[in-house]
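I've put the structures underneath this note.
Presented sequentially are two complexes of chain A, the first with chain B as partner and the second with chain C.
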Partner chain A sequence: MTTYIIRRLLLMIPTLLGMTFMLFAVVRFAPGLTTSGGQVSGGIMQSRQAQKQEQQIMERRLHLVDKNGHPINLAMQYFLWLKSTCEGHLGTSLVYQEPVLTLIEQRLPVTLTINAIAMAVIYLVSLPGGLITALNQGRFIDKGYGFFSLALYSLPVIWLGSTLLGFFANPQYFNWFPSAGLHSTNTGNMTFFRYIADYLYHIVLPIVCSVYGGFAFLSKQIRGSILENLQQDYVRTARAKGLPESTVLVRHVFRNSLLNLITLTGMSLPGLLGGSVIIEQIFSINGMGRLAYTSTLSRDLPVIQDLALVGSVLTLLCYLAVDICYHLADPRVIYD
Partner chain B sequence: MDNRFTLKDFIFTVLLLLIIGAAVMAMAQFNYVNKQVIALSGQIKTLNQQQLDQTQILQQILRHGLKLQSGKVRGTTASQKDIRETLPDGTHYVCYPNPPMLPHNPYSRPDYARGDWLVENLGENPHTLTPFVSRDEGASVVQGWVQESLLSRDPITLKWEPWLARSYRISPNGLKITFKIRRRACFSNGHPVTAQDVLFSYNTMMNPGVDDAPQRVYFNDVKSCRAVGQRTVIFTFKHPYFKSLEVVGGLSILPESVYQFKKAGEFNKRGRLLVGSGPYLFDKWTSGEIVLVRNPRYWGPLPTFNRIIYRFIQNPQAALQAFLAGQLDTDPPEPSQWIKYTKQPGFAKSHHCYKFLTPAAGYMFVCWNLKKPEFKDRLTRTALCMLVDRNAIIKTFLHGLAQPMTGPFNPLSPQNNPKVKPISYDPAKARALLQRAGWKMGTDGILQRNGKPFKFQILLPSREPLIQNICVYMKQQFAKAGIDMSVQPLEFSVMIEKIDNRQFSSYFLGWSGGIENDPYQIWDSASYADKGSNAGDFDNAQADKLISQGRREMNTAKRMAIWHKFQAIVYRQQPYMFLFTSEALMFINQRFHNTAPVGKYGPLEANWFVPAKLQKYQ
Partner chain C sequence: MSSIELPIRHRIIARPRSPLRLALDRFLANRLAVAGLIGMCFFVLACYGSLPWTLHTFNHQDLREALAPPSWQHWMGTDALGRDLLSRFLLGGAISLLIGIFSALVAVGIGLSVGLVSGYAGGRLDALLMRGVDVLYGLPYILLVILLRVALVDRIAHFFNATGLPHAQGLAGIVVLLVGIGGVSWLTMARVIRSQTMSLVNQPFVEAARATGAKPSRILLRHILPNLIGSVAVYAALTVPNAILAESFLSFLGLGVQPPVPTWGNLAASGVEAINPIHTQWWLITWPCVGLTLALLCLNFLGDALRDALDVRTR
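Moving on, here comes the complex of A and B:
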């Protein structure tokens, strides 16, 4: 196993190099200029002379030109970026004037907390949902659950988010939840428990938007996996041994069915850090999704590049973690 | 399969329960400490209030010129009048012994009370709050409460008046401006505002390592800045320029003791350092809000609100709902929201609703590329303007909440020439003009001149549905006259790149406004070269001459006459199709009083207050 992990880690190097090259090329050849100065509000432009000076600063910071203003060729630009990334310097945002790592530090906890809660809710609903529907295959509860979860799956987030906001955070209909942000304005006067309750109250609508689409996918996976395992010989053996049905289902069938979940969970981990652009925009949450979105619009190249790079590295690591988890969960899986 | 509950399981369970118990106890402990902190902060608030009262008494003593002498309180009759005069040698001198009070200020009203919070929406989270370096509008709103400049603009007369400066003196040739700083003016850390701080602020602005290039451009004409003694600052200029006073008088003054730096990079990166002499202190900036608290050491009239909070709600629907639910105290609605809510019976009674024009508002336009043969002649451009019913655009797309433009100056600005009348919508006359310009109808129903059909493309920003809708309307109008306009929405940065490289026939955008704009940047023929702002290549010798004259004319009345002539020329030439300037809209929570718009700036938050009985926050 150790040899396998080392081999995989070594293989990651060329993959990562390829990724950095692609990222660099995509970002550098995208049309448009960095527009931190020209805030686009109703299409109003800023002074052009100012924009020009701005452009010169941007070019210097992006290593497009050297200290004397002479252009640096593309290959050199790529190596300069790669060098500083390898040294652990993730670059500085052109717009925020702060290191990209600091920006990630500020926004990651927001996104991570919401996504972790959302993921927990999805699993809490989908696992029993999948189990119940599998055990009641073809019955009303199976068909009803399948219908509703698929119907939810097909609803676009942007529509449901705006609808929830328009009805459940609107004093004209049901003023049950706040319409924006993660906290009330006067949190300074709140005790600890009140503060937590205030936070949970604020994230109800964003969490609803984050979870509803996940039920169908996960439940169907679990249902399929359970149905497959129920046909296996070991289930018949367990029943023949006289084990109670609940033990057969929970200890044998359900546990074995969870193996498929390792892949699903592993693949969804990088997404935990990404954040949803749409949900964060609708509910005015300052998370990673909004950072990626605003950086793309303002062509904040270091942020776009580094966010994509962090995402790529995490994905690679998660793939490796999934493989290792498979081995741990099922000792029959051997890679060496 | 072993299903027994073994010792191992027991130990694990006990451990788990212990961990959960410890966590609950830690939270309870934290909660208890939190309660203590809240109780303490209540006591601190009381102390602050007492300090506030003492400061207020002291200020009243100073304001009314009372002197303590031999243990008795005696009023002085020193006649300290405001002076605004032009001396016989042509020197312009303005002196205000006391800082000017805002018009319609609430301090003498019987129900006036200090306290409560003002919670507003900033839209997008600012990128940085570093003075000079920040670019976004939100940052300048926050900085406006914390930092001040030597002069401030009167909201009614729009004249620059002494603020941190007690007086200013402009030499007859306009090349030297001398400021005297008030004795009382001090920063929030207690240090007095000195000439050295002004010099430091100027030097920081001019430091090439500081990322303030867009603002530094305006100081290009400043030759030197000199501090004489503790309280006198002299700025000299390379040329007389009508904006000189505004440029140096509007410079934010930073405390050198706080902001001093060795490398310019240090200054750029202090995104969360904001200190000044203003009425509020920068308290904190979280991912959801920026909090400002009252500056207890403020040297001017004590501000009303205990706190000003700015939240970041980008979605206009969410912002309006937060306002309706009382989570925001103000909201600038969209035109459609304005129409919907002000029509509702009772809404206008339970909220303050204001719509107003400000001279600082920008305007929308269509720029023609005058280098293209189809837009080269004035007749064609005038005909295009006649084909578009701007009043219908305002009525249909903006719900009547805008004003048509008759040139590059805002209708409320003194620069605007009221004699210039808008070109009226007249398709028949437009067709006649097109015929005179040499356009003839082709067999395919498209106008032709010299064998070339009248076809062109208009660029517009893709994220602006209003602009897209107007373009669709214009396309229909032009098609009726035999002109084929294709609409090309582009991402903003891509569009700017195309405009910079002059790869366009026409484009639809807006310019931000100002009370008195320098037309050089957009309209002088020299601004075409080097990716300048005169992208359409407007080149008119008479206009160039007037721009040059106006920029050097220091007498306001004479300068306005020049701008009026200039506007008449530009409007006649139609290098842009000048469309409209939007009205500003504002909903304000009913508990705020004295909110009516003042002068030409709209509602001024500094004038608002909440009577004691209606106050919501402590």
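Moving on, here comes the complex of A and C:
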């Protein structure tokens, strides 16, 4: 097993190189970089000379030109970026003038809270949902649940999000929820629990929006794997030797069905950190998704590249974790 | 294996039926799927049948009629520039469906060929292709579409302008969305096709074909591909609604098709701005979103039923 993990970790290196290089190439081929990409801090108030100087500093920082101002080719640019990243220097944002790590530190907790709560809600509904629909296969409750969850999945989030915002966070209709932001204005004189309650109150609508579409897929997968397990020989054996049906379901069927969930859950873990651009945009939440979106639009190269790097590392680690967990949970699965 | 003698009556009833026929029966037995199919036919007929009319009227402005609520003259009302919302809705639907279908075709084309080659060839080529899929899986797809768009849209618009087409910017947006959304949605498909091809390659009938001296291309096209039709249909059907949804997301972010060319996505996005505390023009957001939701619902029912009908596992 240890050899396997080491081999997988080594295999990650070329994959990571591929990922980062591809993104690097696409970003640098995008037009508008060398002329307008440098968000010159002083804007039009600066003299032309100062602007030019800043542009040069920016270009040198991004390794677009060498010390003498000659352009560097793409492969070399990538190599220089890789070198400084391996030395532990993540970039500094051109727009915010702050290290990328600081930006991530500010935004990650927000996205992570919303996504973790949303994921918990999805599982809390889908697990019993999948179980009940599988046990009542073909009956009204199965069809009704399937219809309802697919119907929810089909609602476009831009519509639901802005409608919720327009009616439930609008003084003219129901002013139940705040329309933007994550805190009330008077957080300073709140007790800790009031603060948490205030925070949760602010993220109700975003969580509703991230949750409602997730039931269909997960419930269907759970239903499918339970149905598959119900037909297995060991279930027949368990029933034949006179075990109560509840024991058969919980110990034999449900536990084996959870194996399939390992893959599904593991694959969705990197998504927890990504954040949804749409939901964060609708509810004006400064999370990871919005950071990635705005920095792509403003060609904030260091941010795009480092976000992609962090994202790819996490994705690959999750894949590895899935395979290891699978082996731990199901000893029949052996990797050579 | 000893055969059991059945009464004559049963032998006549139990005619052998092809797997395709069985799948069709299962599909038609699902009433929701049939409803979805009918709904989709309705949308397609309405949106594409009205093209000769909508192509002329979708950008016709009448400022005296601006922001008129639904009436006999304008069934869905008018927008801020006095354009008839019905014709924009129908043309928008045609373009959204076009984006959905063509993105799915692009995705199927790439996913199927990568999966087939990877699963059949195995070894180094397989490892290389699958690493590539891993690479793309790791990158957030919406970021890729945005980057593709940023990189390509002006060049394509420039090309369209040179050929003298009207609404070059909007058309370029459509092309980029087709390629972009299709180009990032083939990954799951490639993995599924690869694993199925790998198990098919070891089947006796493929070995028999190889023993008779069939070329790899013939084995792939005549022996393996027909066995994959089911999964291809399922994944294609599920990619269409996702692509339509992706279009609406990107339009909401201002990265989709540029107005005046309408799509359900950008109509909904401009309708969102109409929800405000002062005066709500409900028709601007309601119609495109109803269209979007109903079409997605029909397509999802279709795809789900196809999966149930063709996929043995979830039945």
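In the analysis below, the second predicted complex is superposed on the first by the 309 of 336 C-alpha atoms of A that agree within 3 Å, B and C clash if a C-alpha of one lies under 4 Å from a C-alpha of the other, contacts with A are read in each partner's own complex, and residues count from 1 in each chain.
Please note the rule applied: contacts are C-beta pairs under 8 Å (C-beta built on N, C-alpha and C of every residue); 3 or more make two chains touch, one makes a residue touch a chain.
Not measured: the values here are computed from a predicted model.
By the touch criterion defined above, A:S284 reaches chain B but does not reach chain C.
By the touch criterion defined above, A:F217 lies against neither chain B nor chain C after alignment on the C-alpha atoms of chain A. When both complexes are overlaid on chain A, the residue A:T191 reaches chain B alone and has no touch with chain C.
Set side by side, chain B and chain C differ in how many residues of chain A they touch, and the one touching more is B. Contacts of A:G166 after superposition on the shared chain: both chain B and chain C are touched.
Within the superposed three-chain model, A:T315 lies in touch with chain C and out of touch with chain B [touch as defined at top]. Touch criterion met: A:T15 reaches chain C, while chain B stays clear of it.
In the superposed model, A:I158 lies in contact with chain C only, and not with chain B. When the shared chain is aligned, chain C comes close enough to touch A:Y293, but chain B does not. Legend: residue contacts after superposition of the two complexes on their common chain; A:Y201 is shown touching neither chain B nor chain C. Shared contact residues of chain A, touching chain B in one structure and chain C in the other: 31-32, 162, 165-166, 170-172, 281, 297. On the chain A side of its complex with chain C, the touching residues are 14-15, 18-19, 22-23, 26-27, 29-32, 143, 146-147, 150-151, 153-159, 162-163, 165-166, 170-172, 216, 220, 223-224, 227-228, 270, 274, 277-278, 281, 292-293, 296-297, 304, 308, 311-312, 315-316, 319. The touching residues of chain B, when paired with chain A in their complex, are 1, 3, 27, 30-31, 34-35, 38, 41, 117, 119, 124-125, 127-128, 130, 133, 135-137, 211, 213-217, 268-269, 271, 287-289, 309, 311-315, 317-319, 321-322, 324-325, 327, 362, 364, 460-461, 463-464, 466-467, 491-494, 496-497, 500, 508-512, 521, 527, 530-533, 582, 617-618.
Chain A meets chain B in the complex at residues 31-54, 56-57, 93, 95-98, 106-107, 110, 162, 165-166, 169-172, 175, 178-186, 188-193, 243, 247, 251, 281-284, 286, 294, 297-299.
Contacts from chain C toward chain A in the complex involve residues 32, 131-132, 134-135, 137-140, 142-144, 146-148, 150-151, 154, 241, 245, 248-249, 252-253, 268-269, 272, 275-277, 280, 285, 289, 292-293, 296-297, 300-301, 304, 313-315.
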